[in-house]
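One structure, pasted below without further comment.
Labels run A, B, C and D following the written order; every chain starts at residue 1.
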């Protein structure tokens, strides 16, 4: 299981993240890239880089055979899948195994078990892990059975696709009369999205938080947890901001260890190896329920790294090389507080519409307590081919208040030109009283937050904005006029250039 | 002593560093700037910014009266001096006091006592702090007295200016016959540099390391130390790389506490308040000697911040507001290892010649364990008016090896176009066996290191460099030809452009 | 010589902004000392107004300037005072009139077109659902009106700025 | 059509570099697959050679290309093969001959000029000590020779590229 060269079957910030960890262990790295990514940082930072196809991911990053071919050609003995793309495809893990390549992740069997939401529910229930009340999920129920089950569970319920993910094939039902229609439409959507119309039911946990447990498991059967992450700040089932610890758990160490122990139990029940995450719903009475297990590194892993001091990717690589975990449970101490904001190329003032273009500036914040993970650089293009996440800004503080304050100043410093970003969304969120008080659930962003309302409460400077816009317009007009007049002596009152520009012209 | 608005009487990375800390405490900030700095980050990140004069620092950043006038005009109730410029001018601290402005630093009296090297030696000796054997330094000795003293101390000795700093007015004497000439030339240089020809003698400690102790002292008399920093990697008395802990002390906790206690004693002996540093020489037998006290924040303070988790500038502000220290000695725990590289605009392949110009790229490294402190941005100019430090890269690791590996990858990622930098120096240093073994003293860089020798040991790629240079030359020739031919149909074999450029032309 | 007086509208508020000598600007008669320093490609501006420092991002679309400043967005319309007066004299011409054409804001896949030709729709109605960057985006109507043409259907791939739908 | 064959010298080593079709390059007969991607202002280049990735900084002075690659500096002279042959035919012209003029590499203050007109100096001798960026910088002679003119003295302020001294 030893290896010295790792192929990273991914792109963007996570590919760069893995390359950095490999470098620190003295491992060589192999990047793969599509047409759109020739200039990306993962290509430039890797020891080797190979082109694998056109920009659309199903012609490049999802091409298992091409990626395996690059691994063989370059002599890479291991593959790190990152997250997304092939990370949770059991057949890819299997293909690697068949080709004698170490897959840096769990067994195909564990991926398969956890990938089927119904099966996963069944395994967890059998192992004694609490799951949201609902149908067992390990066998297909017809519509009548589902309706009867819903009455037994009690409304409201969620209808969910067993093959599901990302909110597809999911329906909330509050009224019994809506049930048949919801089941039918969920089945239709699930069939279209996943090629499988099987659905199951879960009781809707109201006012719930999304809290997840990070686990690490080595091939010797040692399993530890690294505490929790709070991920309730979501929009359309996409996480936007995560933190560790959860403000809801805070210093309730007993509850943390209880959740952690369940996370360890869940991992052991599928003989899990490598880094994984148990996602839970936690209600206001601190009842918690298994939701699903992500059998890979999470986008939000850095918040755990900053509070524990443990490099999760380094541990993944260590585990994949067959070594014993570098830590025991008692080594894991949570120190301070960390927050991550996902910076997406989308317009928060226009319904979070994705924004594409070329970055003529990408100046990331720096300084004390600030970490940025990104795969792009000034000059990069944000294309419509991939998800809109440009970077992650992660701040650490001695406590939650300091982490929030550092995040606010980091976001103020972050300058992106060429596309619109959701930075203003985060800035507004971070100054909301409810957020600061840690008082939110998974519906907070969609139901209780609006950009307009958030900005009303701020100290505003409309006169300054008026001055700026007017000068910008004036300068633009003057520039246009200046070009026309070029060659003639400049007699206009061309005075609205800054002192520095005059000096350096 | 309470204040809500702080003027930062400095520029560059340290001005930005202080502004960031103020923001985190909800304090408003006032920047001052010279002509050359209109576009600098400290101007852009501050709440307010005022122009104080032309680019040369004696017409701007050293103009005490102008700075006080800005403080009054803007309503700033406190001044942070950063390091350099006015930070160790007792008369500036006094001027602030006279004007009712809080000086964020020690009393004028403490600055004065520690600023006179001879006086400081005397005070330390009286307090029981070990100093390098030599002349007392609190009275002027004539040449004959110095020669007699030198014989008593034993050669080799250092002749040093009492008003000295930065290696000026300093001579090493190994041979008695050289003594009169050395005293004379040291006096001449000291007179020219400081307007004072007084000199004193210190025994030369051979093979010594430069190790310093960080202290924090509040106005109630609480004084704590935050462990040591190793600063032996120097060139011409300029520090280039610092770390905490010192590899020489490493896990000798007893020695650390012994040095720390002496640091606390030194601070108490001048009723020190705020952050300060006791610089020591440490010989191979772990004898240590007080060298001088810096009565301000140090450039290298971040390495202490990363291993202790304590924000030194936040503590400075807290102390200046009259609060009790946020930590007791037993709260201070050193966790992991931190290294700082100072990135200077200078050519390490050409005798570290300063390099000036406009940065058409300044892309800083990011990711796990990497912090960058800087005051500039792409588009900034490096001018000859100020010192050549562009930024500091600081890495943290669980141990020294990880910190070094992270620093190597951070420096590989750091891209600066427009000026030359000393990044290649750091890259070469970090791969030297002696450095990695922690086996160096203050003479290491000057006497045992050369760029050429360091690169000989590396894995080199001259064929790749030949390909790159040839293609660059070819493209340049083709571009020139292309411009001449413009308008005609392009029939040349203009093929040496990348795939991406062809796609996007 | 250009006119130095502008009427700048932000939200409901109109400001009379006059550019004076010596880097001074008057806003509704209040005079400010202004230092405008364009950084990167005119979009990043360091603005100092009476010593207050604003690190701003400013960008433009067809009609408006958008200013991001201290974490809030301001949308401004700047009009030359003379223009404005002329326009006023000619009467409120056609702010409401004319067709609205919905163009694809980015390349993508049309997932749904939940309207039909002839539909009378409200401001905010969803016109097209476009999938791009792995997300479904609802393109909404900026005003009420009647659908007069639909150029795309579910399953179509569209290029950026491709015409999708017309509203009158 | 341009000549596609170059002689490139790094240190003591000469390489014959030939640019072939289809992004292939031959170095002393060994053929490589090369993808050259200029990033910012031609100075930052992502070079892929047979899949190996090199993130390089390349810059130029009067005679040489300087390549920073994986933490080491390579200084290369690139000559068109035809030029090179012509030069060789004409005999080693004048590498040593001609005057060397020392120009100020940056603005600064002359601290000392430790040589005099008529001095015969060694390669590496200090010609001028220039203070800039708060540091004293020793400007050394690139070769042996005789000082024929000195244009500055201690205490002078000099502009960048100002002539300071001539050596023959």
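A few remarks follow.
Rule of thumb we're sticking to: a contact is a pair of C-beta atoms (placed from the backbone, for glycine too) under 8 Å apart; a residue touches a chain by one contact, two chains touch by 3 or more.
Only a predicted model underlies this, so the values are computations on that prediction, with no experimental measurement involved.
With chains reduced to the mean position of their C-alpha atoms, the one farthest from chain A is D.
Looking at which of A-C and B-C shares more C-beta pairs in contact, the answer is the pair A-C.
A straight line joining the Cα centres of chain A and chain B is 38 Å long. Per-chain CA centroids place chain A at a distance of 31 Å from chain C. Each chain gets one centre point, the mean of its Cα atoms, and the points for chain A and chain D are 48 Å apart.
Shared interface positions of chain A, i.e. residues touching 2 or more other chains, are given as 38-39, 45, 361, 377-378, 412, 498-500. Multi-chain contact residues of chain C, defined as those touching 2 or more other chains: 35, 37, 40, 52, 55. The residues of chain C lying in touch with chain B in their complex are 35, 37, 39-40, 46, 48, 51-53, 55.
On the chain A side of its complex with chain D, the touching residues are 30-31, 38-39, 43-50, 73-74, 377-379.
Taken in their complex, chain A has these residues touching chain C: 236, 238, 345-346, 349, 351-356, 360-361, 384-388, 411-412, 415, 417, 424, 427-428, 431, 451, 455, 458-475, 477-478, 481, 492-493, 495-501.
Considering their complex, residues 1-2, 4, 6, 8, 10-11, 13, 15, 17, 19, 21, 23, 25, 27, 30, 32, 34-38, 40-45, 47, 49, 52, 54-58, 60, 65, 67-74, 76, 78, 105-108, 132-135, 137-138, 140, 160 of chain D touch chain B.
On the chain B side of its complex with chain A, the touching residues are 16-17, 20-21, 23-24, 26, 35, 38-39, 45, 302, 305, 309, 311, 335-336, 361, 363-364, 366-374, 377-378, 398, 402, 405-406, 408-409, 412-413, 498-500, 503.
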